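Both of the next two complexes hold chain A, though its partner changes from chain B to chain C.
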Partner chain A sequence: MDRILPPSVSEEAFREFVASAQKIVGKDYVYLDLEWELLSYNDEYATRPKELHQASAAVAPANVEEVQSIVRAASQYGVPLWPISTGKNFAYGGPAPRIAGAVVLDLKRMNRVIEVNEKHAYAVVEPGVSYMDMYRHLQNIGSKLWIDPAAPGWGGMLGNLVDHGAGYTPYGDHLLMQCGMEVVLADGTITQTAMGALPGSSTTHLYKYGLGPWADGLFTQSNFGVVTRIGIWLMPEPPGYTPFMITYDREDDLHEITERVRPLKLNNIIPNAATTAEMLWEASVQKQKRDYYTGKGPLPESARKKMREDMRIGVWNFYGAVYGPPPVMENNLELIRDSLVSIPGAKIYFDEDRKGDVGWEYRNKLMRGVPNMTEYNVMNWIPNGGHMDFSPISPVTGEDAMRQYNLIRDRVNRAGFDYIGEMLVGWRDMHHIFALVYDLQDEDEKRRAHALFGELIDAAAAEGYGEYRTHLDFMDKIAGTYNWNNAAQLKQRHRLKDSLDPNGILGPGKMGIWPKQMRKEES
Partner chain B sequence: MITRRSFLTGTTGVLCGTAVLPAWAGLLNGLPFDSRSVLLLSDRPSPRFPGFGIDKTVKHRPLSLDIAADIASLEESELSADNHSALVAFGTPASIFALRTQLSSRWRVVVRGMHGARDPSLHELNAPASLTPSLARALVKARNEDDFTRSLLALDVHSIDVFNQKQMSRLHQGQRWVGPPRASLLALTRRQA
Partner chain C sequence: MRRLVLVALALSLSMLSTVSNAAPGLDGQALYTKYCSVCHNRGMEYPGTARLADRWPDQASLLDREGLDAEYVRYIVRHGFNMMPPFRPSEISKEELEALSGYLASSSPDKKKTEEKVK
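Showing the complex of A and B:
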């Protein structure tokens, strides 16, 4: 493949930028070789040609001063940068940039745990710190604090948080648990948000809001700055932890499960992400489709039934946990039993009931903050598996849960794919995560997957549902569905973009936000 | 006596190196004496290679999805100290994908294999063009992944300039491998490029 240049950047300007970058970070940390080095920055699960998201180079600074210098050089030469932390979010495009020719600003080398504060239960980390790194660090120092890992656990804590990721302990709303942020702006200025702006502040990581507008959210899922450090609250190890699983036999049970989960979540009886997983999510982390069905299209009911029997799972499988002193846990478990186990056919399981069950073991770990990769086995479900996640948000009602489930499952099955999904109830909302798994070696299947994804966005939007996160290819389309009052929100974001990044060098196209020179006309 | 210095400055080391290398260890041909070791990562407890004195040169480590995803920490701690010059891995497609995307820039992945994904006797390989014929021949003979592992170890990658060739993807008809789809990987250290 020929060398790709950033859009509207001459070869000479690009060469000069590269020379500057090499001077700043050292030659070993500027990657230019398309054949060997830049492969690491591809969208591995692309459903369209990888060239559409091909980086022209990657630069890996070691500290915030180098980030500042790189940003200034990019601004000088008009080179677009695409910041990543660890780049493991493959369902949404991984480390690949939105536009071909962008230079990936790879922050993996910035992997210091700056602080763990046991007394106030927080940590301060750089972008390259993964959940696995942090877990190991806490173990090494004998900390009694828990992290809240995403599944799978190889992702970066900072990257997941700024992408609005979620986890499975009571601290699962990652952005809610963020406190204090260091950001490099497009002109190279470093800023601290909220209390961090006060010289000598002792509450930078204790009080989120400071004085005046709370700006931290502006730097998440956006391209207004490069986040180089965050404070994140960690959960003190509780005096007790009891995870449980409840299986349900009928598809329609989803309605009643969701209705009953809502008050349990609103009243914090279940303090962590209450997760209702459809059977194929459970199956795909430990089985392969061809063990049960070798035909084309979605798994037939006969095979699904056999799978449920073999694995002792339900059509729906609810996971939750209670935390705290034993009397509190016992009391809450009683309420949970009364509510969730009284649905006909429901069976409740505890740790001792499911020893050796791969699906249970990894959920058990996640709900107590132990990072692991088990969920990634979903890639083994079919040969050459790749995936994109479709993630609409829903109210926590049985009616909405069923409507979303039917909306997605019907279209997915019609297109010849399996529905592999789960619903996670947070404080007031439900994240519906559907993993669209396809064969990366089958061009027709990739084409169908891509078309299906677009269809799902339209169908969800028509019902008033929007997605909270998405793959590179669909950022514009989804941003376009948030179009109330003539897309006032997107226009406001564009005004912010023009003000904070007038040269348009940071993350062009991220979540539908484009710099002026790349923007389509807005009425 | 061969010292690192005499090896680096003269031909003695090459002769000695050739003498001590087992016949199968093509991967290690032409490498400095002190970096002649292969790391073998596999999710099977103990791969068996009857008739091969493999233990002296090949260090076997277990591979799981968790280990693959966290390979950087392993690299930093013990693996880098061993100064391995080549890495061969076999595992589930998800594990090998995780390993490949987590390896540090110290490594360059030269061969990627997917075995039995579409059919138990079909093997898809991504490799430099010059290695493709020998890999194809190996797959015709390989009855299982141990056989193919041996073939990977025997590849003489250093007499061919693998780093300056285009990678090619090819589907090969080989022997039927029993079991679920498997993936493989051969990586060499960047300094060999």
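Showing the complex of A and C:
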């Protein structure tokens, strides 16, 4: 790694910005050393040279006043900032900036739990608070509130939410559970959204909308401001919790599973993220590929069959849970059995049936809000594994599920990779998550993985599917698929960008939104 | 290339005597629990342990590893290793890293006993 400058910023201007930043946050919190500091801001799972997303410096403020001052200094010297919270958005780029030379605005040191409100069941946190931190905090204070962690529990509550992340309890739609936001704008102004704009408000974290346009969404997956505090509703611990797993023998069962899940979700019989995981997701969190197959390319059916037998898993594996008083759970479980277990070959399992099963245990924890890191085992499928997630959204229908599965699996297998995927049903949508696992030490494999990812975007868009979130490398490409009416939506976002951040210093390139000086001509 | 550098560094460091460099006032065990335990405790549900079991089947958890060198730990924490991404200085400070690496390089009974499972 060689030292680099922000784009279009002179050596002298950069030096002056760094001096300002050091005055604001202290010398210890401006990181410039390539080997021992800045290298940790790279994307560890990059499929292309890490230098493409290399930071020129990182600055770690301790409070919102320091954020305001840093933003003002960046504006003065024209230095682009890339805000991160806990920096654990791996598979999507981790802590690395979209453009080489940006200064990472690292908010990890802002790690206070501002409030836990037991009565109204919410918390207010700063960007540096991870799910693990919050879980331990709630345990320490004896709280009866649950969090809803992302599968890798070291992720940040705020960062995951503003990137539209999801979890596995009934509070799994994280943005839906957000209420109240503090944002620093590009000119250094600090603002509170919705009810928080009312002095003395007692409902900042109870009513989402306030009066007038609801702006909170504008600060998610965007570069219109720096979110420095957020209110998150937490689920009160229910009087009962019963997780279950249902296995299915045939590939085509996905169609019927999905058809039957839809009414169960729409009617809230299954209140949490209803997840249908393909067998290799289950296998990869507890086995290595070479235990079953040492050849090249995707796992053959003979090895897949042996794995299913060894692990008592199906081709598809459905996970869900019921919550509440025992009579409610029993009633809902009966409806679920009647529907999902009546598919021929289906087998239902409960906690007592799968003790010691690594795959079951971590999902059991996630569905009751206990953070863990077990899902990172997916990368242990191969030695030196890294991953990127491809995540298109679809309607909850059997036809769409099969079409997406075939669309992705066929291309993935042709490219020599394994299909490791799952489908999560929220309310009326389905997130299809495909974890593309590749060898970090194999340059050719990384090149093929990168090319495959691009091919999947095009193929999905041709069928009318768009992704909900993506890696740095593909933000422009995916933003480009949302191009109805001559890309009217992107143009609207660019008008907002120019108005809110006229100097174009915040998060250039985030989700395809560029400041005007870096933008290609729009017709 | 980076792998070669790592191997070379590990070999050169293994010739050094293991000295506990724990920083005063910081609890290496508590830092291990906070930062490392979720991937490196005992059991195949911990991805770091599952990965390291290939090479150290009897000492896959960092709690059981003998002969770790503090400087090597510091290098890995700041540079990452395979699927383990590096930890930034904003996450683990220099002082914390001193205490943490000292703790992991020790073979004290306390280290053997440490295991915080997230319930």
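Convention: the second predicted complex is superposed on the first by the 522 of 523 C-alpha atoms of A that agree within 3 Å, B and C clash if a C-alpha of one lies under 4 Å from a C-alpha of the other, contacts with A are read in each partner's own complex, and residues count from 1 in each chain.
Note that in this section a contact is a pair of C-beta atoms (placed from the backbone, for glycine too) under 8 Å apart; a residue touches a chain by one contact, two chains touch by 3 or more.
Being a predicted model, the structure only gives us computed values, none of them experimental.
*Asks:* Overlay done on chain A, so just call it for chain B and chain C: clash or fit.
*Replies:* Overlaying the two structures gives a clash between chain B and chain C.
*Asks:* Counting residues of chain A touched by each partner, does chain B or chain C come out ahead?
*Replies:* The partner that reaches more residues of chain A in the superposed model: C.
*Asks:* If we overlay the two complexes on their shared chain A, which of chain B and chain C does A:Thr374 touch? Say first, second, both or neither.
*Replies:* A:Thr374 contacts both chain B and chain C.
*Asks:* Tell me the contact category for A:Gln441 with respect to chain B and chain C: first, second, both or neither.
*Replies:* In the superposition, A:Gln441 contacts both chain B and chain C.
*Asks:* Looking at the overlay, what does A:Glu361 touch: chain B (first), chain C (second), both, or neither?
*Replies:* A:Glu361 contacts chain C only, not chain B.
*Asks:* In the overlay, answer first, second, both or neither for which of chain B and chain C A:Pro6 touches.
*Replies:* neither
*Asks:* After overlaying the two complexes on chain A, where does the chain B footprint on chain A coincide with the chain C footprint?
*Replies:* The answer is residues 31, 36-37, 39-40, 44, 90, 94, 132, 153-154, 372-374, 376-377, 379-380, 383-385, 441 of chain A.
*Asks:* Under the stated contact criterion, what part of chain A meets chain C in this complex?
*Replies:* 29, 31, 36-37, 39-42, 44-45, 58, 60, 86-87, 90, 94-95, 106, 108-109, 132, 135, 139, 153-154, 286, 358, 361-362, 365, 370-374, 376-377, 379-380, 383-386, 440-441
*Asks:* Contact residues on chain C for chain A in the complex?
*Replies:* 3, 38-39, 44-47, 50-51, 54, 78-80, 82-91, 118-119
*Asks:* Show which residues of chain B lie in contact with chain A when the two form their complex.
*Replies:* By the definition above, chain B touches chain A via 64-66, 68-70, 73, 92-94, 97-98, 101-102, 105, 108-109, 114, 117-118, 124, 163, 166-167, 180-181, 193.
*Asks:* In their complex, what parts of chain A are in touch with chain B?
*Replies:* Per the touch definition, chain A meets chain B at residues 28, 31, 35-37, 39-40, 44, 88, 90, 94, 130, 132-133, 136, 152-154, 288, 372-374, 376-380, 383-385, 441.
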